[in-house]
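Take a look at the structures listed below.
Shared chain: chain A. Partners: chain B in the first complex, chain C in the second.
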Partner chain A sequence: MSSIPRYNDAALPPPPAGEVRTARGQMSRMLLATVLVALTARPAHAFIAYVSNEKSNTVSVIDTDSWTVAKTIKVGQRPRGIEFTRDGKFVMVAIGDDDTIQMIDAKTQAVVDTLPSGPDPELFTQDAAGRTLYVANENDNTVTVIDLEKRARLGDIQVGVEPEGMTISPDGKTLINTSETTNMAHFIDTASRKIVANVLVDARPRFAEFKHDASELWVSSEIGGTVSVIDPNKHAVIGKVNFEIPGLRKEAIQPVGIGMTKDDKTAFVALGPANRIAVVDTATRKVTKYLLVGQRVWHMAFTPDEKYLLTTNGVSNDVSVIDVAAQKVIKTIQVGELPWGITIAP
Partner chain B sequence: MIRWLVGLIGLALATTQALAADSIEIGVGYLGVAGTRSTLSLVEQPAQNDGVAGAKLAIEDNNTTGKFLNQHFTLEEHRIKEDEDPVPTATALAEKNDFIITDLPADALLKVSDALRDRGTLLFNAGAIDERLREADCRANVIHSAPTRSMLADALGQYLVWKKWSRWLLVVGSHDQDKLYADALRRAATRFGAKIVQERTFEDTGGARRTDSGLTLIQRQIPVFTQQAPAYDVLVAADESEVFADYLPYRTWDARPVAGSAGLEPRSWDAAQDQWGATQMQNRFMKLNSRRMTALDMQAWTAVRMIGEATSRTNSGDVKKVTDFIKGPDFSVAAFKGTRLTLRDWNLQLRQPILLVDGRMVVSVSPQEGFLHQVSELDTLGYDRPESKCKLK
Partner chain C sequence: MSSITTRDVPRGFSASEYMTCLTGIVWREGLRFLHQRERFVSALVRPLVWLFIFAAGFRQVLGISIIPPYETYILYEVFIAPGLMAMIQLFNGMQSSLSMVYDREMGNMRTLLVSPLPRGFLLFCKLLAGTAVSLLQVYAFLIIAWFWDITPPPIGYLTVLPALILSGLMLGSLGMLISSGIKQLENFAGVMNFVIFPMFFASSALYPLWRVQEGSPYLYYVCQANPFTHAVELIRFALYGQINWISLAVVGVCTIVFMIAAIYAYDPSRGLARREPAGGEG
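After this line comes the complex of A and B, so read on.
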């Protein structure tokens, strides 16, 4: 049973007939009234964020209205990549050490099913229709293709050493996978499932993100300390985002997660042990601001209204909330141990 | 008809050859000494393929990347006998391989380095931790992926000082390399503000490392050896020769932890290391070699990956281009240690974090927090540029 109030649920039970005079009935009536007041007082846009905690083997459910953890869901060993299905009904979590992807029912907030991923799944992406899932399997240099409706494995694609970052082009035709030890972004044709191009980037590429207009692909290199901007048609690096923080060693700047605003004008880049999110002007590819967040920040997710950006801070075991317009950190929420990935209900 | 067929086959063959010719072949040699040293602990006994197994995995990793770049790597291994002249074997290896990974004693490595200097072969020292190879005896054609004694000692020293175990009882073996390790430990104590309260020498009187009833004797011997020491926090042992250090833990007269050559040991790698994505690498290694990965395996892996990194960045297998790139300012390599590894340009030593391990777990990773440096915190480990006696030639 969900512990988070669900605003579209019409089914709040009426007080049982004939019990209104008992203390319990009165109590429940009063409670109901309080809940109703609370519900009407609630701002229209409250969302639910799911955070995978790599070490605790849990998923923290955050209410973005109260900014509190409303529930903690037990999952398998070493949850990392986490994402909603396109229809918003399930949250998929890559369970690395159990070699599977668990599906959490967004209504009941309980694990209800698993998907047959390959060994050690880490990150995954799905096509626009939400029918096909592509999973990076770190342990055997493959990307596994899964039919989401049948929940069956369709096949594997051989890629570089330690595949990690996964994204799909807005038109759904090109799948991108980055491999950490091969240092490449692999461009895979989703129809033929064949690699069509390989673009060399800086050391240990972790994450890939398209601009919404598909004009650029951004790939972060954790050890290289840069973000490569790739022309997805020419398959060539056309620019790089560099980071410099006064008083911080270059080695501590380790870009991982990337978030792009819908207008493609601003990118947010998580800098790992630099404990900062870089705000990047995508036109100039220059950093305009560094936002101090928790320790070892890796991944992030926008609320659907793009008012807030939530980041997972692994070492400080918390999530930072950034006001996107103000470019300010407004809140920190304690979650489980080593928070890794985050997804927000559409 | 037959003529036409022959023509077709000929054409097909020509095409295949043209395709094969496109692929850049990069030969990597591995030169080590046959036989393995004896250790006190049976579980620490190195495998016959210690070191080269790491090189083998890196060749596979390089080839996975190489297939996207049309580069192909091969490994050729040779072992010499302990007192054999290494030069003929090294020269033969260099015929086909522009890059050679070595696990040789310092003198043998220097011989090989000088013999191959004019040939342009690039050597990677994966095995020798001797300071002099990076100092007075440094060579322009030798890159060191193995850490130095001083890097190992400093890594341990920083942790012990961070832990506020700053009074050390130093026990040194009677062999040359034990004394060299003791020198490095003394230097670390001075640099980081620890105090060596007393030094003792453990004489190697010979004898078998393993006997059927050895423990009874050791249990009486070690407490006596360590008694009447001035107040100390930690016993630091320098015993690279594997004569006594592993006998110390739990047997000292005073209840004190042991570090150095036993107990808490500084190492470039350990089978227990699972941070920074290392699990995948440990799994790959296990799958390929059916055993766990040692520090020497890692040093060889890193050397071969340095070659792969440079060939992919330069899109070339040319030894001159690759060497220039590795020695240049843009080179770095990722090796599952949480930071990029780069070369010290003054002596071609690879900068690297050092793990502190207890045989089951990684206890800590140095450099420790708070040990600062104006260029790279990794340069708080080992001899730094201003102290260096190396003149590359």
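After this line comes the complex of A and C, so read on.
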């Protein structure tokens, strides 16, 4: 590797006259330098993605440089929600059937600890500082609050039936939980841990995502087939995103995961058994494109440079890679059975 | 040309004389193609009908498995695009051989064959000319397909060129071989049906071979043995910057075999053309 910068440097200024005598020699030297630059430029953005496989009870580790599964980690029964700690040292996985959250050490890639959740944890979110974790427990209609530093349970918040979607406002003051059966987005004040507002959305809300500027909250409704756009200050639905794919039954369109670009201009919505990701212009709230991915696409995660978006396709057991700028699916990688959630190292 | 004809035949010809002959034949074929605007339109409409209408109905057929060279799920129209490109070449190959039958009936072929250059070379020029015409058609199709969201990587448009030339030569020489055995223009329609349709349908142009295998293992072997399948796969891989070595070998060998057979068949002292004296009215 140490010789590579030398070639790079040589490519920039014209070589001294005495050193390279013939035009051909110069050409081949330039060519070699170009090839080396091209080779060394490639691995600049290698990230590691962790995918929870609900049925095979494993977590697949994907190297985003080679786009291959580098390792498969055995975890508890029914892993679903998965997220990195803010410091990037651990990966937290909600283990539904073991009623716990397991922590995977990102360095050793082994399960090292557990966090105390309620029964059947599904999805969770953490505050910006990474101190507090909020877990939706699907089976007992509560959200568990966990102190991440002490790894101790702080208390529970009673919410609607079958809580699932979890997100926190960028200022950390409001926690959002959606309950699948109550069909509501609950606004919870993180200081008092009390529900301050409930917003009714379409049937079976699965996922909630704030715009980075906190101006809008997007909530996907699996059965309703829509995404509701909520004004978080007025606690009111101010718009809806509708989906329509020619040749597909309306029932096949089941919005779940939502990914918002950092500039808040584009949203990607996973449409479940429609096997597509909808690209939504957030200004007009209209779908501009549908991207074909694997079967029953659920959740997604951006690489930190926002070049790629990775989606989990449950039924076809794979992860699709979307080139965000080109809005094109470039690759699909086989992982474990029933991939559910995904997180990428910061 | 007249200077060539006055020379003694056994003496070798210079490269420039070969080039004169080549450009002459290619130019004529090109002119013929450009003057028959209907032919250009119909050559384009045929695959586009498949793409816009047939593929629309089968949109959901694929998307359930990932087949090389594709790296992710694709829509049906993306899948059949290489098959349609090969179809353009198949029709074109047959059409240019049809024009040979026509030439023979009208007597134009004598003008061609009166050239003192080796007959094999003349026929090869004719093949190249036909392939060049098919390339025009295929690239026109690719441009339209691009607007239909069939967007292979940019480099693919370049890497597919050698594959198209080879498959064009193979299908052209097959057409030429067939045309040598046809005495009348009217007979050609029947041969089209017996050659084009079985070749097109028993191939990987419209459906992936694993699907065929599911339906009938025997048909799968037929498809595997069909050189057109390999032309399609060669084009499909090349369009994505990859090489399918098996298909390349099959298409390469078939091209050589068909070409030698066609040249042999057009030799009046041997071959199939012998049955019609003077190659004339048929």
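Rule of thumb we're sticking to: the second predicted complex is superposed on the first by the 304 of 346 C-alpha atoms of A that agree within 3 Å, B and C clash if a C-alpha of one lies under 4 Å from a C-alpha of the other, contacts with A are read in each partner's own complex, and residues count from 1 in each chain.
Assume a residue touches a chain if its C-beta (ideal position, glycine included) is under 8 Å from a C-beta of that chain, and two chains touch if they have at least 3 such contacts.
What you are looking at is a predicted structure, and each value in this text was computed from that prediction instead of being measured.
Asker: Between chain B and chain C, pick out the one touching the greater number of residues of chain A.
Answerer: B
Asker: One more residue to check, A:Thr332. First (chain B), second (chain C), both or neither?
Answerer: In the superposed model, A:Thr332 contacts chain C only, not chain B.
Asker: Contact-wise, after the overlay, does A:Ser320 reach chain B, chain C, both or neither (first, second, both, neither)?
Answerer: After superposition on chain A, A:Ser320 lies in contact with chain C alone.
Asker: For A:Leu292, select first, second, both or neither according to whether it touches chain B, chain C, the two together, or no partner.
Answerer: It touches chain C, and chain B stays clear.
Asker: For A:Gly225 in the superposed arrangement: first (chain B), second (chain C), both or neither?
Answerer: A:Gly225 sits against chain B, while chain C stays out of touch.
Asker: So in the superposed three-chain picture, is A:Ala128 touching just chain B, just chain C, both, or none of them (first/second/both/neither)?
Answerer: Once the two structures are laid over each other on A, A:Ala128 reaches no partner at all.
Asker: Which chain A residues come up in both lists, the one for chain B and the one for chain C?
Answerer: Of chain A, no residue contacts chain B in one complex and chain C in the other.
Asker: Under the stated contact criterion, what part of chain A meets chain C in this complex?
Answerer: Per the touch definition, chain A meets chain C at residues 247-248, 275, 292-295, 316, 320-321, 328-332.
Asker: Can you list the chain C residues touching chain A in their complex?
Answerer: Contact set of chain C toward chain A: 59-60, 63-64, 66, 71-75, 151.
Asker: Help me check something: in the complex, which residues belonging to chain B touch chain A?
Answerer: 61, 64-65, 68-69, 277, 279-281, 283-284, 305, 309, 312-313, 332-334, 338-340, 376-378
Asker: Give the list of chain A residues in touch with chain B in this complex.
Answerer: Interface residues on chain A, with respect to chain B: 120, 138-139, 141, 160-162, 179-184, 186, 195, 198, 200, 203-204, 222-225, 249, 251, 273.
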